[in-house]
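Order as written gives the chain letters A, B, C, D, E and F; numbering starts at 1 within each chain.
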Amino acid sequence: MKLVTAIIKPFKLDDVREALSEVGVSGMTVSEVKGFGRQKGHTELYRGAEYVVDFVPKIKLEVAVSDGDVESVVEAITNASRSGKIGDGKIFVYNLQQVTRIRTGETGDDAL
Amino acid sequence: MKLVTAIIKPFKLDDVREALSEVGVSGMTVSEVKGFGRQKGHTELYRGAEYVVDFVPKIKLEVAVSDGDVESVVEAITNASRSGKIGDGKIFVYNLQQVTRIRTGETGDDAL
Amino acid sequence: MKLVTAIIKPFKLDDVREALSEVGVSGMTVSEVKGFGRQKGHTELYRGAEYVVDFVPKIKLEVAVSDGDVESVVEAITNASRSGKIGDGKIFVYNLQQVTRIRTGETGDDAL
Amino acid sequence: MFKTLVGGMLLTLLPLVAAADELDSGDTAWMLTSSALVLFMLLPGLSLFYGGLVRSKNALSVVMQCFAIGCVASVIWFVIGYSLAFSDGGSMNWFIGGTSKAFLSGVSFDSMSGTIPESVFIIFQMTFVMITPALFVGGFAERIRFSGMLLFSILWIFAVYLPLCHWVWGGGWLSDLGLMDFAGGTVVHISAGVTALVAALVVGSRKGFPRSPMPPHNLTITVAGAGMLWFGWFGFNAGSALVSDGSAGMTMLVTHLAAACGSLAWMTVEWIKHGKPSVLGIVTGMVAGLGTVTPASGFIGPIGGVALGVAGGVVCYFATQFIKRGLKLDDSLDVFPVHGVGGAMGTLLAAVFGAAALGGVGFDRSITGQLGVQAIGVLAAVGYTALVSYVIFKIVGAITPLRVDEEEEDQGLDIVCHDERGYNF
Amino acid sequence: MFKTLVGGMLLTLLPLVAAADELDSGDTAWMLTSSALVLFMLLPGLSLFYGGLVRSKNALSVVMQCFAIGCVASVIWFVIGYSLAFSDGGSMNWFIGGTSKAFLSGVSFDSMSGTIPESVFIIFQMTFVMITPALFVGGFAERIRFSGMLLFSILWIFAVYLPLCHWVWGGGWLSDLGLMDFAGGTVVHISAGVTALVAALVVGSRKGFPRSPMPPHNLTITVAGAGMLWFGWFGFNAGSALVSDGSAGMTMLVTHLAAACGSLAWMTVEWIKHGKPSVLGIVTGMVAGLGTVTPASGFIGPIGGVALGVAGGVVCYFATQFIKRGLKLDDSLDVFPVHGVGGAMGTLLAAVFGAAALGGVGFDRSITGQLGVQAIGVLAAVGYTALVSYVIFKIVGAITPLRVDEEEEDQGLDIVCHDERGYNF
Amino acid sequence: MFKTLVGGMLLTLLPLVAAADELDSGDTAWMLTSSALVLFMLLPGLSLFYGGLVRSKNALSVVMQCFAIGCVASVIWFVIGYSLAFSDGGSMNWFIGGTSKAFLSGVSFDSMSGTIPESVFIIFQMTFVMITPALFVGGFAERIRFSGMLLFSILWIFAVYLPLCHWVWGGGWLSDLGLMDFAGGTVVHISAGVTALVAALVVGSRKGFPRSPMPPHNLTITVAGAGMLWFGWFGFNAGSALVSDGSAGMTMLVTHLAAACGSLAWMTVEWIKHGKPSVLGIVTGMVAGLGTVTPASGFIGPIGGVALGVAGGVVCYFATQFIKRGLKLDDSLDVFPVHGVGGAMGTLLAAVFGAAALGGVGFDRSITGQLGVQAIGVLAAVGYTALVSYVIFKIVGAITPLRVDEEEEDQGLDIVCHDERGYNF
């Protein structure tokens, strides 16, 4: 099994979730993160003190999938979250040693 | 070494932490995440506009352990966080290449 | 490729980011987490009810790097975030199977 | 009874006649307080109410709009607004006042307006011109560009508010006709509500509307703002009596009953239709009840207050559903269905519950006769506002873009227009 | 001196006699303002104070309860409450008033109550019936079901508040006995505090209490609410003078001193016992000082204000520890130890610091004689409230479940009862 | 005209002479209200304003400081402060009052001060001694230790506030000289502003200043606080008339205009210099306009209000840049450039716009003659405050550490000094 992690733009979350549903992914975990990269941040101003905020808000999406599904999942995410502008984000894939569903104790692909 | 990651229900955190203490785990990192899965979300209503929120609040727990401890840790988490209801969550285990304790520079199992 | 994850003290973030720039890292993702470990938490008091909060605020930093850069990155983080006091945090290194840049579809080291 | 009429309907004449009345320190105390209360409705009341209802990334923009409009309106009022609204316009007096009081010239420490100093009358009325344009901020929230918004508001105050205010309270044609609008059903609530609807049409919907949910980001501050509105509305309505007596007292009482009944009415409808009552529902019902009772508040008795409150809560609930779900018009914070519909309904019903038989102060005409006058007032306010604000939007839009572009809308107005963020927890 | 007594103790008679007094515009101005201030104590004051103290997932539920109770109480007051509290009850007058003023019948623009319009007296007293039941929301917060809560509150207003109000201020038996309760030690604070304690017993503790910490989710809004309570309390106490003179002024002064001293007293005790002073501590001390001074506020001088404030801060601190840590009773927001204990203590001490020798207005009886009367008042209020609210809880509990189930409690009342969430940052 | 002068400049004498005036219920009503309004400026107004501006981890500490200072100041006022400020100091009267009114001895229900009860005068003035030291909390925010702060504030009230208040309003030498300070340019704003600057110097900058950004954590509550300040300032300034008449009305009007113009002026400068207007900018401009108009508010006409507002907004903007960016002094919340500079400028300009020719009430001296007096007042207030507060800081610093250590500063004052956290969302 693999864990596919994607860092995407926040307003793309709904599209990505739908795209994942379509390729049969029924579970995922998301969190709010801040990204630093090529995409410029913005300037903030407080009583004349200007400063640059380099971190931009991003959503991190984690999806555990069986080995065979990695490709379609990565593709689905890519397509749904791509806007073509800098800062669209990245997808990382890790190896997953083991998965357990707490409720049932099932492990492996059954637990996804 | 392995990293055990668990997605659990928020109000189970205290129980899980205690269970982990009992099996000798003395460090962990937690974060707030939102989960999407079999567990239903809820409906919200704002001035007559109803809509469904599919994401439910979850806690993500990360524990780095030495290879030998994985089983007992997974079991401790499972037991402490299981309620038997849909949405109890999942446990993922990854391989950890290297661990460093910043303060001392120790690496490997010593750094845990 | 590897993913270097560091749990550091919040006020060290700026220093670490600068140190990473110096070793050529141009992208990273950070999130707010809570840590539990040797570092003591604090006591809170609400109308005479004292209780101990064991979790301390930490920043989690994730940097994907090519295999060759791991060492220098770990070192940069270690030096920039070390204060010598308990709670300085940990650095974890994982194996990364695959990286994709969503915007361009590039993969591997090119996507970093 | 007579004093009530003076306090309410005939107040329009007070600043015009050289007031021979002696200063009453009690009336003055109440009017100083009322002025503070109406200011409080806008800052922080309405700002928090609206601020909490938008998404986090736009919270400051809405608050900033309310604040800037209030300041600009104050300056306009000083420069020429008070004069245009409340001084004699000579041959044009049916439409607009004159310029003799520009820069408040001639207003001294001793100038009187009825039993209160003219300075107090000026500041009290100033708070009305501050809050009215701030109300329509809810119509184009989360997508308007700040500079266009400000330009629009300035033109709107001149072209819509000042004429309407003069027509109704400053001795213009609706006042001559005998329109009963105690504290601003036409001047305030219809004008703001209709403008918000026009704004929704001209500026267009928010990106993602109505598919994506856009839930309020901070309902505790919205409820705080709602409580402040209720509190401040006591000054808005009972202050419109311009005296501290039984007419002010009764106005406060009916205003309060309308707020409570509007809240409960909306809550009940929501409970029945949706299965659960919500806090956003109950506070919206409160605003609906208050907006509805406003034009009638000095003319009716307790029964009228209850009736108008219930009417406001129920009718505005369905109006909101109709505009947003039915017509899919993105009047973001529902200004038209709540203020516009409520204000119009209350203006009409003033002719019913204002009748002596129903515990009101009574009027010379028959109920249907008065209803006709009220209908004319409502139609005039709706029609005039719709037309003029549409034209102003087109003019402003030709000068400067009215809304931000898509990417900016995603990023949020706080960063895009003001370089700041609401929260850093 | 005499006017003070009229303003305070004898106010109970004012609405009953056909008032021959002339309207005083200054008194009226102050009472209009006071009514607004007391409204403000509830909305948004108490709502924010309580709202911030609960966990994030229950924030709206508490605010909603305060809001809905206030609205329902207003309607009850209009329908029959004012009449039952303040009209003549004939042979039952020792216990409850009559129905002659139901639907505020006979209340016109000209009706007077002392030197102020009756409409103003009605709205001022209405704000008291709104806030009192909202106070006990703190007792069952974070686990009550909204519908049961609402039904309970309605019955409670009829069966507890209206009788008590009539006994003390409306010409009932405690008023005949000469009980000194200027602004609501028995009627408001004891009744709310005791009910909260009964609620904690009947409804049971929150899941996890006392093992799991349940820290406030938003202390800045709690402190904001506290400031609003202090501000509004000026109207609550100094408005209870019903006039704008030296008695109102002195009442405001002693009220203020009690708030400041209660705050400092609690802060000091906490600093000594725990090592650090906290902001939640200082604002709780403020409420304790204010609750304690309330019944005595119109009868005492500055020294009395200081003494009652200190007593409130210190005693309520230990009472809170005893109830929550000692008895492990989950009166969630400590309504009983703060309001109940404070209100009782203040009612008793009114007989001490109200004595002319200690700078008070004085009374006919000896101190111990008056103390006896006060003790009877306290016991009657405590006993009656405890009994009747217990019975109402049992009745309501038989009709509809009082609390949510375990899983719902985990999820939070905002989603479960109202389908909304407080925050989306 | 004369009454205005009595209300404003000569108010200093009122409490000293055995007042023969009759009580005026309208004046009393307005002064009761004004007292409540000024309390509201501090709690919750200033607390929220300041609380929102600091980082999340220090939010409660700032709020706590405001709250505790207010309470301590109230008790000092009761014990001896009122007496030292407003009673006759015999041979030392040029510098400080006497002790005859310690513990408010002799203040009864009937004591009068002009047309209002003395109790009302006492509480009104008490709110001034509460808020003034709370203003300088902004100077040492985010690093001060609570105990040192409290000790400093107590000593400061005795050694700085009470003398200044006596000099200007209590019959001291500046009052004899004819200094025009209607509502506290010297006594309140200069004293607080200068102390904040001294604090920044003595206590030192926050760790990381000026390299690291320290953005406000919650701007919606800051704006809420700003709105409350505006609202409360009506009581602060128009209440300083001590009567409810045309002078109070005009004071409120010019106060309002200055707030609006200060806001717009700051916004405009920021828009030009930075390219975007911000909500923090507009509210800071509001405070600058209000602080600037305060000393002049009872002496000027509308034109003066506009002029002072614009001057406040523009000059304080550049002063803020100069102190913070130029001198790199970490007066954290910019108390000196806003209150100190604004208060000084307004005190000087009172001699210009107070002239009858410019619509003011006029004065006996020539403009330049009066300007000389005003300059003496400003210099005296600046010099005296700077010197004395420096000495007090040194004394307190020798007794107890003034600031937390580095690690504690990282962790935040809320946990370190108060064992609590602002938010648990």
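Criterion: a residue touches a chain if its C-beta (ideal position, glycine included) is under 8 Å from a C-beta of that chain, and two chains touch if they have at least 3 such contacts.
Predicted, not measured: the structure shown is a model, and the values here were computed from it.
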* Structure fact -> Via touching chains, chain A connects to chain C in a minimum step count of 1
* To do: Specify, for the interface formed by the sequence copies chain D and chain E, whether it is same or different in terms of residue numbers shared by both sides, with half as the dividing line.
  => different
* Between C-F and B-C, the pair joined by more C-beta contacts -> B-C
* Compute the distance, rounded to whole Å, between the mean C-alpha positions of chain E and chain F. => 33
* Would you mind pulling out the distance in Å between where the CA atoms of chain C average out and where those of chain E do? => 52
* **Between chain A and chain D, centroid-to-centroid distance (C-alpha), Å** => 46
* In chain C, residues with contacts to at least two other chains -> 31, 44-46, 50, 85, 94-95
* **Junction residues of chain D - those touching two or more other chains** => 24-27, 29-30, 33, 215-216, 218, 221, 224, 244, 274, 276, 278, 280, 419-421, 423, 425
* **In contact (per the touch rule at the top): chain pairs** => A-B, A-C, A-D, A-F, B-C, B-D, B-E, C-E, C-F, D-E, D-F, E-F
* Asked: Any idea which chain C residues touch chain F in the complex?
  -> 9, 11, 14, 42-46, 50, 85
* **In the complex, chain C residues that touch chain E** => 44-51, 53
* Contact footprint of chain C on chain F as seen in their complex -> 212, 407, 410-411, 415, 419-421
* Of chain F, residues touching chain A in the complex -> 210, 213, 215-216, 270, 273-274, 276, 278, 280-281, 284, 317, 320-321, 324-325, 334
* Structure fact -> Touching chain F in the complex, chain E uses residues 1, 4, 24-27, 29-30, 33, 37, 55-56, 215-221, 223-228, 230-231, 234-235, 238, 243-250, 252-253, 256-257, 259-261, 263-264, 267, 274, 276-280, 282-283, 286, 301-303, 306, 361, 423, 425
